[in-house]
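Structure provided below as structure tokens; questions to follow.
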Amino acid sequence: MQRFALIGAGFIGSVHAQSLAAHPAVDFRLVYDVDSARAEALATAHGARAARSLAEAFDPELVDAVFIASSTDTHAENLRRAADAGLAVLVEKPIDLDLAHAAETVAHVERAGVPAMVDFNRRFDRDHAELKRLVDEGAVGEVALVQLTSRGPALPPLDYLRVSGGQMRDQTVHFFDLARWITGLEPVEVHVAGSALADPRVAEIGDVDTSAATLKLAGGALVQIDSVRHTGYGYDERIEVLGSTGMAESGRMRAGGVTRFRGTEAVSDGLHAGWFERVQPTYAAALGAFVSALETGAPVPVGLRDGLRAQAIAEAATRSLASGRSEPVDALV
Amino acid sequence: MQRFALIGAGFIGSVHAQSLAAHPAVDFRLVYDVDSARAEALATAHGARAARSLAEAFDPELVDAVFIASSTDTHAENLRRAADAGLAVLVEKPIDLDLAHAAETVAHVERAGVPAMVDFNRRFDRDHAELKRLVDEGAVGEVALVQLTSRGPALPPLDYLRVSGGQMRDQTVHFFDLARWITGLEPVEVHVAGSALADPRVAEIGDVDTSAATLKLAGGALVQIDSVRHTGYGYDERIEVLGSTGMAESGRMRAGGVTRFRGTEAVSDGLHAGWFERVQPTYAAALGAFVSALETGAPVPVGLRDGLRAQAIAEAATRSLASGRSEPVDALV
Amino acid sequence: MQRFALIGAGFIGSVHAQSLAAHPAVDFRLVYDVDSARAEALATAHGARAARSLAEAFDPELVDAVFIASSTDTHAENLRRAADAGLAVLVEKPIDLDLAHAAETVAHVERAGVPAMVDFNRRFDRDHAELKRLVDEGAVGEVALVQLTSRGPALPPLDYLRVSGGQMRDQTVHFFDLARWITGLEPVEVHVAGSALADPRVAEIGDVDTSAATLKLAGGALVQIDSVRHTGYGYDERIEVLGSTGMAESGRMRAGGVTRFRGTEAVSDGLHAGWFERVQPTYAAALGAFVSALETGAPVPVGLRDGLRAQAIAEAATRSLASGRSEPVDALV
Amino acid sequence: MQRFALIGAGFIGSVHAQSLAAHPAVDFRLVYDVDSARAEALATAHGARAARSLAEAFDPELVDAVFIASSTDTHAENLRRAADAGLAVLVEKPIDLDLAHAAETVAHVERAGVPAMVDFNRRFDRDHAELKRLVDEGAVGEVALVQLTSRGPALPPLDYLRVSGGQMRDQTVHFFDLARWITGLEPVEVHVAGSALADPRVAEIGDVDTSAATLKLAGGALVQIDSVRHTGYGYDERIEVLGSTGMAESGRMRAGGVTRFRGTEAVSDGLHAGWFERVQPTYAAALGAFVSALETGAPVPVGLRDGLRAQAIAEAATRSLASGRSEPVDALV
């Protein structure tokens, strides 16, 4: 049994609380939040208790691992705390919005030698993982072209967007990670074209809501990623990998399997209304993989370095949006 | 080159005229119709000429083969003429609405030894033929259950229905043939339940427009066929074969590949508006197979006996509609 | 909060235990099983306790409702106990394999006036329920033809089949219920053709493993149901409803959304390996609907009479298998 | 009736000859080719005759229109000849590989005032045209993102690639045209990343075989086009248009509708083996639209200016491949 503390009791914290409570090999002990009432409520609902202080949540006498789901600006500090306490740690992305600071943090955690994983939950999507397995077993030959689609139904609040770091760092970063993971190849350069089409105020805060990123991977394979903040048809996520001998895809997921035929049309259930309905099962799967690594002593399936690499691509992508040309991806982090 | 006469210049005759004119190994010579103006017009449109008499259309000095697409009540007589003249013959189903008379006709033609084929054109559908190939190569193991769907968009005119012989003999007979052909097994008994739902006048003329037929094949495998005269969504035809190790299907065919997503729905192109759009390519393919058999001396791909067998099933099916019980299929024709 | 006792701690009991434990408005109190160790283990795993006796599980001081998931031969007796104790009751089908005895039991429970529901869980499948909603709102017009497919991957053990009551009563009965529910129409007569194709020993025990049932509903609409005990391709369940103005279907459900294209083929994820993967979410949904009815005082969504009606169809279907003719469905139960 | 001469009797010329011969309002008169035997053979096969000289093919006494399907380097000269003779003209793309020369040619033809159309046949694909219709009627709202896929199964011969002008001018140009046509918007700038992955010799001749183009349209909408010269799974072409209120696509087209299910897999018919099978019906449709414009006096549906515009995008795209940055599209042609 792994004793866990959860840091952060907001929306995503409550999602993780449910996974922690349901996992048979997890002893869900403590919840900490800057809002102690919120911590209390979440802890009670899942048979844990609220930590009396942040320090208590990192007490190795009480817990073996911490799940960091607090606000982005506290990730790095909480990672250091966990490392210093010798605790295993699972952290929401990003490590830190500042890449250099993120890199220092990772170096610190690595020196401590604790198991540390970034929660790139989409890697644990059943279909994406099956696609990765097919690519690994050679089902498409040498990878030549990857296409990823990332489209959310509704623009997040502008207040959120203002502190999000921009579309590349906030949204597309998940797909930079998927591209690296599925191909096993590092991007060399990236070009992004973007526009603010859903709401002109997005442009005012210097961001885009519709973008097309192109990555060139080592060896020449290409990656296309389209990122959209606002669709009129729900949440659309898919991946396609073309190789030298074939193609494989993790397709668009429908919300149901009902179709009606009338006249010259067939009307079917469309896509999931929101991202959460689509990716929900991945959270428990990611936690399960982390716990399994702790139990067996195997390496965690997504290292902090993976978080840094995806972030470095997002940095280059953000630069490209401004410069209008392909930007090299920092290979040193 | 095979010199052809076409008997019958109605709708289906004009379809066959087009195939005859387009086939590179066919010399399309003559068209005969009781309405000589109609024959003239069709012949002219395709570079043939109208026969001066029915006799001329069966003159072995002028033609090698006749395609019988005249009215149902003349099929048998025209088959005998072709046989007596030593001509190869391709005939629209049925051979004759009276099974005994049809059987005598077939015996007569067989004694003459001419190549003679029933135009069960659906056997030449690309997808159905591929399904047959898969079943033959063992892709589903031993056949256990076959499902066929036969649904037309609109009730034919009552005047047509009155002389059609009823839904089993007119519509379902094609699917009785497909069931035999795909499985390679003969039906032992058949049960049909039917209703007149599209138009109460169908019941008044003793027919049904919606029916569910169940065949038991030699060895115990089952066949389900639904036949519908009126859908609100176009023409729907498909076949599914379940066997001991898997299942294969020739699926519902869409009229196009466009889909639009909006809100919670996906709206796609529906089915073909009518049966003709769906089965059109099969006519040329059936003719091609007949001509190819003539050119190579191989047996024709669908014999007159196949027509009789399908008709015998339709007879038993018609009896079952009246008796409410499973009826044996006459094995002797 | 509704206090529940669960009767039966076998496989299906353990499925229901999970739903009971997870439901926010259920206080899962007691588990009873003839094997007290099994009851103990299941209770402990879900925060309930094992009942000291069968009587205790029906004690209205301790519980408000019982969930009967014990062996089939005890359903009727346990229903009576619940009714006599004034407890709400949710029971696995069938009420009793003997239809007359089942009818007496239902009459007894009705006199007691307690809320009582048969767990026809498939009615709570998301897609089937959406299909029902579409039919109810007139999306297909007047129902003319319904097709249901019920195909399991592997023949159950012969020891199970021997006491199952036969394919109609054990397997097809769920689809008899779905047909009634979706159309809102009662079957007047039923015809079934069946064979033992998967294993000859099925014939030796007087049962079939592959069958084609045809129901005629009041008003003339038809229903086709194919029931198969052994496929080579997983679990296949679907429903199609054709009406006077269109058609709607709850389609075949795939286990995943990955496809690979190579050469001339596209290879996709197939169906679910087993029935449980396919229908799992329906158990919690059915329980939820029962609890919701208890909380609001609304009628339960599936009454015991629904269980009797489906069983009466199964009886007629079983007679038809023997007689080879359409059998009337008893309208009096 | 429109009297036609066909210039060019190679592969694509023979495709057009078939369309010309089959069109009811076309009187197919003459075929010219530098290889007179080839012209003779093609003419004979379709009831036309070989022109005695190139001049004869442009003789307004003999023909009303010419179809230019000769080698690329002769297009411009033949266009001028047609214009000077006052003949209507349908020309294979490109007008000339040199954009400035192409522009001069167009200006010359425009001064002559003859109907002149570029054969961008993909605009006449049934599904693409339906997609265009949906976008025009507002089914997706304001266009935000367009994705086009252009993937051929096999690398053309290097000898062909050497004179093709490169992937942008030879292959992607069709999709530049489709993007303009469907959106009704002009591209402002274009970025392309490309690699030679299918064959290293492609790099040696300064070309790419795998590329990702991104266009920014006036107003900010984005277009992604992937162009691939070699797939392991046939010919793949599709278009997707995302707008402010929804999305619509002209989907991947399958070569057939057969699926077999076995174990955990479903194996379906894949894509068309080659581009020709996929686009074949578009040739006759394009010719039909041209002839219809001639008969009714309406403007031709694709003007020479459309050819120039697509070519200007291809020029900018080719520059971007070299510069690694977004290149402006020349707005003046």
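Chains here go by letter, A, B, C and D, matching the order in which they are written, and residues are numbered from 1 within each.
Basically, a contact is a pair of C-beta atoms (placed from the backbone, for glycine too) under 8 Å apart; a residue touches a chain by one contact, two chains touch by 3 or more.
Composition by chain, UniProt nomenclature: A, B, C, D = Inositol 2-dehydrogenase.
Here the structure is a predicted model, which means the values were calculated and not measured.
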| item | value |
| --- | --- |
| Where chain A (Inositol 2-dehydrogenase) and chain B (Inositol 2-dehydrogenase) overlap in contact partners, by chain label | C, D |
| Chain pair among A-C, C-D or B-D whose interface repeats that of A-B, sharing over half of the contact pairs by residue number | C-D |
| Farthest chain relative to chain B (Inositol 2-dehydrogenase) (centres taken as mean CA coordinates) | A |
| Contact-richer chain pair [C-D vs A-D] | A-D |
| Cα-centroid distance, chain A (Inositol 2-dehydrogenase) relative to chain D (Inositol 2-dehydrogenase), in whole angstrom | 42 |
| Chain centre separation in whole Å, for chain D (Inositol 2-dehydrogenase) relative to chain C (Inositol 2-dehydrogenase) (CA means) | 58 |
| Overlap residues in chain B (Inositol 2-dehydrogenase), where contacts from two or more other chains coincide | 140, 232-233, 236, 245-247, 261-263, 269 |
| Partner chain B (Inositol 2-dehydrogenase), residues of chain D (Inositol 2-dehydrogenase) touching it in the complex | 126-127, 130-131, 134, 139-140, 245-253, 256-263, 269 |
| Contact set on chain D (Inositol 2-dehydrogenase) toward chain A (Inositol 2-dehydrogenase) in their complex | 140-142, 144-145, 147, 151, 189, 191, 193-198, 210-212, 214, 216, 220-224, 226, 228, 230-233, 236, 242-247, 324-326 |
| Chain A (Inositol 2-dehydrogenase)-touching residues of chain B (Inositol 2-dehydrogenase), taken from the complex the two chains share | 232-234, 236, 254-255, 261-271, 273 |
